[in-house]
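Here subunit A shows up in two complexes: once beside subunit B, once beside subunit C.
What follows is the complex of A and B.
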């Protein structure tokens, strides 16, 4: 019983924090490594989450107060559903990127910012497709069979999410260690110079952006599984802001920094929840506004970092190969 | 005369109401150091940018080794063998000097993700080879001691050298140098000019823009003078020195 309680408490911190790690690794590939400003992180995360939810729960007819939602008549298994969620988020990224990446850098930011809002409004208003504000629920978790034998569901999900994060970490580290990763950095530093040195910068940006969006879709799928039910308002620009805060505080261009950033950021939020009761005994008013206090603290931290330590907690690693 | 390596025909480029390049034609012979001179605003840098594919010309055509290259994207022109340096160095600031060179290495395995499938076993060896070549080029320009320094920390002159080294790394046939020694101290300028002369001896063609007449007259085998967007006159240094229209263009233009 005590163990179950501890796992539950730990999981409530570790799972969302680790999902945030995965999301931020996707953004770090785009922003930290390639210099692409994706202002629509929430859209790709949300599309991944919804795709996963609709595929794994299957078709739901409208009934009573529930508007129903689309889905396959036979629900997908979790792994194929996750892969499809990644593919859809990645494809959406490419679709937005193709017309905008040829233009000046700011256009990508504008287009993705608009996309995030469009996606949220579609999720909200296409009620018979997405369930609208009534939420898609009963989204399954991995290894439900084991959980029935007495394991806590959160504990299992924690391990699965951690394993996925490790895999994504290894893949992104390996990919960016290739000459390909070096070319991404060149695009980030000076795109015209990179072109003048023989780089097809459009293609580099497109692949980096697409892969980044697919990783965000994966984070969304895990999130859907964790929370079990989705409403469109979970995917506001606040989420995009969070991902940027994590990358900038942690250290853009360094996955270790991004991981640290995600856990520190989540710790602030988690501590806020944990301390709500204690704060309430001192001041009822303050306890109700604790989330705002958290926002203010994060905002101040962000400003301080940008002013005094723009490279983040763990800066990008310098590339030093062995001498001949 | 042998066949020209670079041929520019009737190039026109306008910016707003200004005709920066106005029906300019010129050619560059292989294995020469050819100088492009002219007063400010004559269209020299614009012409270089057109040849390198960074600007699209409004009219005219550019031939390199007998094939049309105008309209190709810049990276394809680099792959054909034309590499341009920037007048103001465009070092990749948050990358090391070595990385700045490695970026320019052509046809490296792993530069595209497709290579993970197509030639996965060449990546590690290729990377070692790239490091090795980059170190050699750093040796040529004398930047070996700054190999692992961030490019942003280099001095102005060192950035000029880095710019040249990076262009060499790309393995060009024709090197377009936009003011390679401007703002560089005399000792370093001497060094850069020696490197250029050695490259020519090794078979490269160098086409350079320079304002220092002393450098141009002593280092270039052939000089082309541009004025108001077109070629005014061309010839060997001695002829150019005596040409009245050149003096007019510089002093009166």
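What follows is the complex of A and C.
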């Protein structure tokens, strides 16, 4: 049974990495294309994941071991649930962006960081609504009716996630090729100049931020489907840092860079996981330490890239207008 | 005639210093809460002032570097953590060297000040002229490195600083206060604020720091050694962060993420006070601390009423909402430059302008 082992291994690397690609594409729209610093990536990802999970599993009554969670009495299908998750994450983004986008660039960072903390606290504490620290589980995967859980299900999910990533990639590329997308870059380079040319920069920033957050919500929904059970502590600021590292390492404003960044970065996580799997006897302390070292490497990489190669591994292509 | 007396009245109101109005409002809020919730609210207010004075130290330090370097330093909270852990390592009898806690604090202050200088020299100086977001991201990287180095060295188990806290002292009316946890914190904060005030107002260095925060280019052209001043600012900011870290280590247990968690409150204080205004940051810290603890009283009441399940776990939300409110109403902060926009003052100014015509 070589095939199932291979698929399992491949899926374990490809699915998280591709979800990271989608998340990073959302962030790239905000940060790479428009220059908005969103420090609450984890919040939008988490809101998307939880909305999806609650909608697809439906209402769960409280029991002795489980506090229950809210949801519709008839569970949603996966596609409408995903769309709602995107809408909720996007709406939350707009809600935060409206008061802060008109202000200095760093206010948005601080407000979104605060939002991420509040969202995490709500997910953790409103046990009757979200299930709290007891995980929401039994989240369905696409085509559950046709394929059994196991390596086939992983393989199918891998294809679905990859397809979604391609769709998102095409959509963001088409969007940014439009005048709208070029105006975003104008806002990033010089907001006052863009204003002087008659661009409504607030609206541009708002739409870009909202769409970016919706894409993060989509990534969250896919993540929920992949892991099958959600706990609030998966959505800490570490996730936000990861998304930023991916975008900055790969190349802000360039989807090829972002994709490369996500797959390279995921190698790091995958390698530590393998290490853990191989050395089954390593103590919990050592495994925690591996995490710390991992984070330190990420931090140092972030600083080094900002200092010496701010354009990332694959720099953004310069925009050259076509000659008529 | 009538508008003149009104203008005169508002002019008199205008002479009341802004911070008196704010502190007065805060006291009013505490009094109203005291009537509504009784003893709990007053206890919460005392606790809020104690926690707030830690925020005051953290926020005024952050505000100093924010004012000159013009970026949000996300590593400031972790500089506090490092300070607390250095003090722990020097003074803990079992895991550390067992020296006197005061020696520990001194070493912490010195090492975090040097850490600040090192960060400026190695990273942030090279990012000058790259806008506010590039150094912000670099500081996120620094924060990640600092908190994980601390985790690696000290593990993530909670630690206690070797400070004996002692029993609470009763103040009457059923209120009590811990002389070390509340009293010492507040006293240290006041002493350091006075120190910072003297430094900023009366010394050449302080004046140069304020000049640099106002306009770095102009300061440079007027012959101030701005690089030196920036290094000193990082040093002072780091020293204040170290003290704040030690104080928070006395109030709560130390974990490697304590500073990063506090960072949000400190940002809230800095924004409420107006970015780059150390005096505003001080008032902001006090406001954030008191609102945080008072909101915990309200939230506990809501929990009892089965509206929320979380209760006082949501107390950060109270402080953040205050921050968002300030961002909406007065984005430049209470000490910001557009003074005309401070509520009644703007009315007074408008009336004065109208009558002058």
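By definition in this document, the second predicted complex is superposed on the first by the 306 of 324 C-alpha atoms of A that agree within 3 Å, B and C clash if a C-alpha of one lies under 4 Å from a C-alpha of the other, contacts with A are read in each partner's own complex, and residues count from 1 in each chain.
Keep in mind that, in the parts below, a contact is a pair of C-beta atoms (placed from the backbone, for glycine too) under 8 Å apart; a residue touches a chain by one contact, two chains touch by 3 or more.
All figures in this text were calculated on a predicted structure; none of them were measured in a lab.
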item: Partner chain in contact with A:125 - subunit B first, subunit C second, else both or neither; value: second
item: Which of subunit B and subunit C A:110 touches, first, second, both or neither; value: second
item: Which of subunit B and subunit C A:186 touches, first, second, both or neither; value: first
item: Partner chain in contact with A:306 - subunit B first, subunit C second, else both or neither; value: second
item: Per-residue touch tally on subunit A - higher for subunit B or for subunit C; value: C
item: Partner chain in contact with A:295 - subunit B first, subunit C second, else both or neither; value: second
item: Of subunit B, residues touching subunit A in the complex; value: 52, 54, 73-75, 78-79, 83-84, 86, 90-96, 98-99, 102-106, 108-113, 116, 123, 126-127, 130-132, 135, 147-148, 150, 166, 170
item: For the subunit C and subunit A complex, residues of the former touching the latter; value: 71-72, 123, 126-127, 130-138, 140-145, 147-149, 151-152, 155-156, 260, 264, 267-268, 271, 275, 308-311, 313-314, 316-317, 320, 323-324, 327-328, 331
item: Footprint of subunit C on subunit A - complex, ascending; value: 35, 37, 99-100, 102-107, 109-111, 113-114, 117-118, 121-122, 124-129, 237, 241, 244, 248, 285, 288-289, 292-293, 295-296, 298-303, 306-307, 310
item: Subunit B-facing residues of subunit A, complex; value: 175, 178-180, 182-183, 185-186, 189-190, 192-201, 203, 207, 316, 318-321, 323-324
